[in-house]
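Multiple structures are listed underneath, in structure tokens.
Each of the next two complexes has chain A plus one more chain, namely chain B in the first and chain C in the second.
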Partner chain A sequence: MGTTASQLDKGMLSEYQELTFLTKQEILLAYKRFSELLPKEETNGISYRIPMNAILELPELKTNPFNERICKVFSTSDSHDGSLNFDDFLDLLSAFSDSATLEIKSHYAFRIFDFDDDGTLGRQDLEKLVNCLTGGTGDTSLTPDEMKQLIDNILEESDIDKDGTVNLSEFQHVISRSPDFVSSFKIVL
Partner chain B sequence: FLNESMSFIGDEQFEGGNKEKRHREKRRDGSKDRRKRANAKRRDRSRADRENEEFEERLGKREKGRRGRVKNDQEAKKREQEGGAGAQVKSGKTAKVKKNIKNEKRRISEKDGKAGERTEKGKKRVESAKKEIATVKHGTRDKTREEKKKKYKENSEDKEVKPESLSPDELEKLKEAVDEKKKLIQSLRGKPWPMKKKLVTLQETLRIQSHDDQGEWKWTLLMLHPKWMKFQRDFENFKTACIPWEMKIKEIESHFGSSVASYFIFLRWMYGINMILFGLTFGLVMVPEALMGRPYGSIPRKTVPRAEEASAMDFAVLWDFGGYAQYSVLFYGFYSNQRAIGWLKFRMPLSYFLVGVGTVAYSYMVVIRTMARNANESGVGDDNSFNFSWKMFTSWDYLIGNPETADNKFASITTCFKEAILEEQESRKDDNIHLTRFLRVLANFLVLCCLAGSGYLIYFVVRRSQKFALDGFENHTWWERNEVNMVMSLLGMFCPMLFDVISTLENYHPRVALQWQLGRIFALFLGNLYTFIIALMDEINVKREEEKIVKFNITMWEASLYNGTVSENFTASPITIHPADVPRGPCWETMVGQEFVRLIISDTMTTYITLLIGDFLRAVLVRFLNHCWCWDLEAGFPSYSEFDVSGNVLGLIFNQGMIWMGAFYAPCLPALNVLRLHVSMYLQCWAVMCCNVPQERVFKASGSNNFYMAMLLVILFLSTLPAIYTIVTIPPSFDCGPFSGKNRMFDVIHETLESDFPAWFSKVFSYASNPGLVLPFILLMVLAIYYLQSTSKSYKEANVELKKKLQMVIQIMKIILLLPTTVNNWQ
Partner chain C sequence: MDSVFNIDIREHIPNNPLLYQPPSYDSLLYRRKSSTIGSKRRSSSRGRFGSLNSVKSGGSTIKRQDDIEKSLLEERPVRELAKSMKEKRAVRDQRSLKAQDLSDWGQWRQNTRRCLKRLKDNAEDRLSSLKLWRSDIRQIEARFGTGILSYFSFLRFLVVLNLVIFLLMFCFIMLPIIIIPYTSANITQNDQDHGSVCSVYPSSTRLGLVIFHEHITDLLSGGGFLEQTYLFYGFYKVDKIQYPNGTYNLALAYLLATIAYLLVSLIWIVKRSATGFKQNLVKDEDSFQCFCNKIFAGWDFCITNEKVADLKRSSLLYELRTDLEEERIKQEKAKRTRKDKCQIYSLRLVLNVFVMVVLAACFYSIYLATTFSQEQQRKQVKVNFIMDLIHEYLPSIVITLANFLTPLLFSVIINFEDYSPAFEIRFTLIRCVFMRLTSIGVLLFSLWSQITNCGEEPCLCGYNTALYSCWETRVGQEMYKLTVFDFIIIVAVTILVEFPRKLIVTYWKSGLSDWWGEQEFAIPQNVLEIVYGQTICWIGAFYCPVLPAICTIKYFLIFYVKKLSLIQNCRPSTRPFRASSSNFFFLGVLLIGLSLACVPVTVSVAQINSSRACGPFVNYNTSWEALTASVMELPHGAQTFLYALSSEAFAVSFFVVSCLAMFYVIALAGAHKRVISQLKDQLVMGGRDKHFLILKLLQAQRLSQAQPRASGSKSRSRGSPSYHTSFNSDFPEGLLLVHPVPNSSTQV
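So, the complex of A and B:
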């Protein structure tokens, strides 16, 4: 086991501190939690990609209805399989940290809600979003009528240019007036 | 080496590009032209768009670089070359590579030693980096890759001049470059890029294209940040690490959501305030008197009277804060009125007075500052135009980590959606509005009766306890002695439940019902507190009457002492009387302090006992009796209790109010409160995790933050009023406390000004306190308040106007955007 496996290099640590909203302790804690998910024989912690189902075992992400979307959005792997390396993990924690700006949070929230990755929130995206929020099980979901009504209302409120979808700037405009967004869009290790 | 590695590559497209370059080279010459060419190239490149995969090469180089750094920090140059080589070897596109060779060759051939140009280039590189970053689009990889390679080439091959040979002008430009780099790096944090991209950009902007034969110049992050910034960041990190109970609160957040956690965060904040108050009273009042003042037993006020000596050590008496506890630094009466004590000449009475004023001032400042901060953060909270969108996008609490809470949250969100849809679809069915109105009026009437009843009960009990006091406390049972406190605590416990039951008559929306409930509990506590204070005032008056009598008796007693020695000389030798035997006046200030301390203690005990019985015992019963009971205890009647956020917050606020009220007369109160909050934190954290279940209706905590702060401010104001009244109007006792002998307590300020400050100071002060000056000043402040209020009103109106304009613009935009389709429809 080389030094990379057991601790972060100081230069990297200061660079991470510069580039994320996390404090030094948070970065070290993130490294510790990340290393716990590594398989035993892996020595180089930073560049190894942890597969998505291992990340989803983290208690902070396990019960989140958007956990898979979160992994896919922050993953930079070529195969878009939602696997995260340490850089991606830090990106995730930084966007969800307490001191992240509204712009960063709303940007990533938009990408998380964009289920089909087409750059806008269309009807299908919004339907999937509502299903995620209501738990997706039979007795807690909405009837098709209610769903249609709900999505019509949302598009009425947020879709300024009436193209049937919510794009990033419309989304950011809606979110910027909300008092709860910044405090609820938080994950802390 | 680099040339050879790419010599096998050839391409027509390249030739064309190179020909172009050579052509341009021939046409232009000199530094300016080269700059233009560089700019043109950069413009081309900046038009090129990029994807994340373009950074693969940089990534490869960087990762190799990273490993190299881990091994040996000194080998920067080697790393660059390795990385560069590695990247190039990896590259698949031949065209760019060849172009890079061409560029490199051109650079080498056009060596120009001017330093100024290099710095300009440095600046331009920063600009180019910025341009690259600014124009993020999708596009070809070609131009960007070649640009990257060019940079690597340039950086490893360019010959640069040492900084000593830079002229001031060029240094200036270098400084500008540095500033731009700093700004760029600071902005990197807020960009929604993957970490790879950010790291590479950081590397790029940190590098300066300079190196001499010894080694490459490389900026490091350390050089860009002055020492004090690094210190500041370390200090921030340290401060975050110092915050107590962070893990506990995080656990509660993940189990119960943010509204329950907000109570604990509020508790922690209160703990911080109380620590400061404790520091003030302990450090500036209690410790000086204990260390430098006269010791126990030296003067009458510091000694237990002979009559009480026998019982002074009893636990019952001590628990009641009588006996030795009463004659100690814990209470007002112990302090002597010496102007200066000890070798430090510590002005004890002045310090006592200023600490009392300072605690109030500090509390005001902290509460108002927090309110202002909350108001800024929450922004415009009551906008109703995005109801559904907010419910959709912001309702999930990402801190939840517990499956059960998540299920509850799902259910609550679903209910929320369904309700909102129903409200939107149909208007409220107004059946039986008269019945509802009647029921609401009835409910309010019942509540008023409750409040009046509780007020009268407290008054009655306090009068009774005064009667008991006259008879002497020993003749009565424990209950009768502690009647007042027990009654107040029990009322505080049972009346809210009563209000809860009454509110079911009213049939309000849960959020509105919660607000009514909070309002009623607030009125209850306030009424109780003020009745208590009125009763206390009566007692103070009684004690003052007593004092007059005692004073008279003392003169008689002294006269009798002297009579006994048959001396005509009034300067007879002083008769030594033991301090314990001197007749003592009733010290009303200590009495007030004791009352508050007893109240706080009994309140705390009641809270803890209710917690244990109401939550813990209930949970235990439900859990263990469930399988031998007729109906399902867990789902049915008792079930597990939920954590009552609003009730607990109110209790906390009122306790703090009592501390503020009594802190002047009992300096031990902040210390007691710190202990109490500390224990509360652990006890309630344990109780919440062990006995409570997550709430079914999960309300947002955000709207309530400023509401609780506003209540705290009101309580602060209301609780400092009685203390201020007593300070200003009632003369202090003649034989106890730091102000004994003075006409009013605030006379100590006057005295200090006269004796401790130079003469002109007191003259200035007397001019300043002249009513002719003070009244215009007050008038000026009133005018300022009026002016500020009218400007704020006008700002609000301007705000509303702007909102309307925004709506109008949106409508117009909708029409304009729909215009083509409507035109199409016509056609």
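So, the complex of A and C:
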């Protein structure tokens, strides 16, 4: 941990501890993993933007069906290409950490599931979501009838104002009644 | 009237942040003390008027400082805001700017708060790193998901629970006896019937040349050299200990320690299950929100293994298909004719009777095995080493066989009973739980019948002295044997069944290996196994105070055995076990085990005469009398108080009061449910109102654009007067027709 830890000084460490839900060990570990993804010649790790396909090589994200959406949601780059700098990376880990509040998790989960970024989960969003979860190719996906029945059921359960879409408040309401969400919406390095 | 509300929602409505805020939302935010928007408004308004305020003098500035202090202290911490790091930094800098307006006292308070919080975080961090098996459990979680993780954290909980129970028994029962040689203390044992038949306790240590395998027999059965040790109840033949400082009533301590460990277990389990219980009680989980739960919370983000991810996907697909099918079946069932229903019910009745018969047969065979085993031990007929062991372990063998065969039988029968898939799983589980836990009860019942049965005449000493000079030790030995055998079986099955299965399936491809398939880690069966072991521990701890320590070691070793088996042999099951409901299930079954364990302990403490030849209750008729005797020695006031507590009047009135409280809470819950459904209807109506209004507005605007401009807006008032003129004049057109930036619409 010699040279890498020295680039992350105490002041920054305590700042990150204040601004995220991560502990000191977790932040240091995150820095270590982040530095491993940096190209060799890059010395200033904090501000460099790692492109999305490099981030997706991380074993924690590789097998996740939502990995691209996660990168796009947490990325603050101007070109919206999913590249993450160290701040974004810590934001990602903080939202997925054990101690993050339910509100933070449900907020980011909503944005991740919102494939077309229109602020609501419409039928297309839900269809894409189901296909991501089940595999979505030919044999492994649901038939159109089953899909329609499933989405009708989801909307019946969660759409309170009956407008055909699930907005953020309705989503957070459903999540608050869901006991499994907090334990499954977790990524630990 | 209906046309007002029958809106074609599919008509395209432009996106608008207004639509996504139900009318109550703003009031909800306002009511929340530490809301983000509230603090933002406050801080932004302060920013705007800051310069103005600084001009004001005197009292108003002091009041404003108090407000700032209050708002800063009530504000949510920065990290709970759902913003990017840059934005969080900006908010924090803004807040610290405001904080500089504070007085010294306020700043000092802020700083101490921050320091304390940091200390607390660091302390929590250190404590959690001390947790047992943290890295192992994390490894399992990453590979197998949270369902199986809950099994292992349950195992960890049992290890800690058993350790605590053992420490309780050790401190209050064993420690006083151990330190006797080191402090000059005297033991008082009043042997009232000295020389009577009841107080004869023949030594069971083997004399003369002892063959090696007899030592093994003794070790495995708790007899021989182990019988007169700290291990069993019989060793504690001490009534009171006179220390230089005072008297220690060991008999009373023994009784109270027993009650204490049962209470501690109860409270700990209830506390642990409190959160899970609340959520499961909200509504029956299976019918309520089951689709949303599976879709939104279905994916385990902890999974890192490619194979496991594929399996998770296929299991989710399977689950969704099953649920959809179940819904279709439900709809079909509603259409069932009367004749069909009669058929199904009669079939179910027959199968349930069959299940009862099977259970009765199992229980009878356990009873027979126990009586046979006790007879053989009494007769002391030595055939050879193996046969001796089998005779000793016959009840354990029969119980294990029954517990192995009956779940298979139940899973076959349930297919004919035509229940919904979710109910099938639950019902089979309930039957298995019943089978496992009742078999212990039957074993104890058969032991009890042997102990209190002296043939035709009533027993001389209250129990059958000829057969059992110290019956508590005998019961303790049976529990010890059950524990040891349970552990041996678990390890043996893992080594002798699962490893070969894995080898066969991997290296020898044939029809057999395809049919048998790879081992699945069946969580319910594993949980039942360890709950069974824990129930034995609870019952046995009274007769064998060291048993909790043995169980701690046993569960500790089982953790590693199971972990090895999981990683080497098993693939994750296709029917996933939900983490939340599993917590509730585990602790629920554990509670059933605990309540079942209380029954034999209570019966033997209160009903059966305690042994005269061994144990701390030599001077009393039953073990409970130790407590009543001590109560008599208390001062008069305390005595009357305790008698009042145990009188019928108190019990009846307590029962009535708790019934009333329960009815009140149930009524309250019903009222809340009604209010919730009313509010839901209101929300639906509110949403429809908004849609209707916005549609009308769009129509009106389209009309105004379609008409030539010369007519002007005033003449439009003929059509729909109030909407058109008021909206046109009050609201800028741009408000509704501009698409907002996507990101901002999700900001709350």
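Assume the second predicted complex is superposed on the first by the 183 of 189 C-alpha atoms of A that agree within 3 Å, B and C clash if a C-alpha of one lies under 4 Å from a C-alpha of the other, contacts with A are read in each partner's own complex, and residues count from 1 in each chain.
Just so it is clear, contacts are C-beta pairs under 8 Å (C-beta built on N, C-alpha and C of every residue); 3 or more make two chains touch, one makes a residue touch a chain.
Treat the numbers as computed from the prediction; the structure is a model and nothing was measured.
Residue contacts after overlaying the shared chain place A:Ile46 against chain B, while chain C stays out of touching range.
After overlaying the two complexes on the shared chain, residue contacts for A:Gly11 are found with chain B alone; chain C is out of touch. Judged by the touch definition given at the top, the superposed model places A:Tyr108 against both chain B and chain C. In the superposition on chain A, A:Asp118 makes contact with chain C only, while chain B stays out of contact range. Using the contact criterion defined above for the overlaid structures, shared-chain residue A:Phe34 touches neither chain B nor chain C, since it reaches no partner. In the superposed model, A:Asp87 makes contact with both chain B and chain C.
In the overlay built on the shared chain, the residue A:Leu168 is in contact with chain C alone; chain B does not reach it. Residues 14, 17-21, 23-25, 59-60, 62-66, 74, 76, 87-88, 90-91, 94, 96, 101, 103-104, 107-109, 113, 126, 129-130, 133-135, 140-142, 146, 149-150, 153-154, 157-158, 160-163, 171, 174-175, 177-181, 183-188 of chain A touch chain B in one complex and chain C in the other.
Within the complex formed with chain A, the residues of chain C that make contact are 9-10, 15, 17, 19-22, 25, 78-80, 82, 84-86, 88-89, 92, 118, 121-122, 125, 138, 142, 146, 276, 279-280, 282, 285, 288-289, 291-293, 295-306, 308-310, 313-314, 316-317, 320-321, 324, 327, 578-581, 680, 683-684, 686-688, 691, 740, 742-743, 745-746, 748.
Residues 52-53, 63, 66-67, 69-70, 73, 185, 188-190, 192, 194-196, 198-199, 202, 220-222, 233, 236-237, 240-241, 250, 253-254, 258, 377-381, 383, 385-390, 392-403, 405-407, 410-411, 413-414, 417-418, 421, 424-425, 700-703, 810, 813-814, 817-818 of chain B are the ones that touch chain A when the two sit in their complex. If you check the complex, the residues on chain A that touch chain C are 14, 17-21, 23-25, 59-60, 62-66, 74, 76, 87-88, 90-91, 94, 96, 101, 103-104, 107-111, 113-114, 117-120, 126, 129-130, 133-135, 140-142, 146, 149-150, 153-154, 157-158, 160-164, 167-169, 171, 174-175, 177-181, 183-188.
Residues 2-4, 9, 11-12, 14-15, 17-21, 23-25, 46-47, 59-60, 62-66, 74, 76, 78, 87-88, 90-91, 94-96, 101, 103-104, 107-109, 113, 126, 129-130, 133-135, 140-142, 146, 149-150, 153-154, 157-158, 160-163, 171, 174-175, 177-188 of chain A are the ones that touch chain B when the two sit in their complex.
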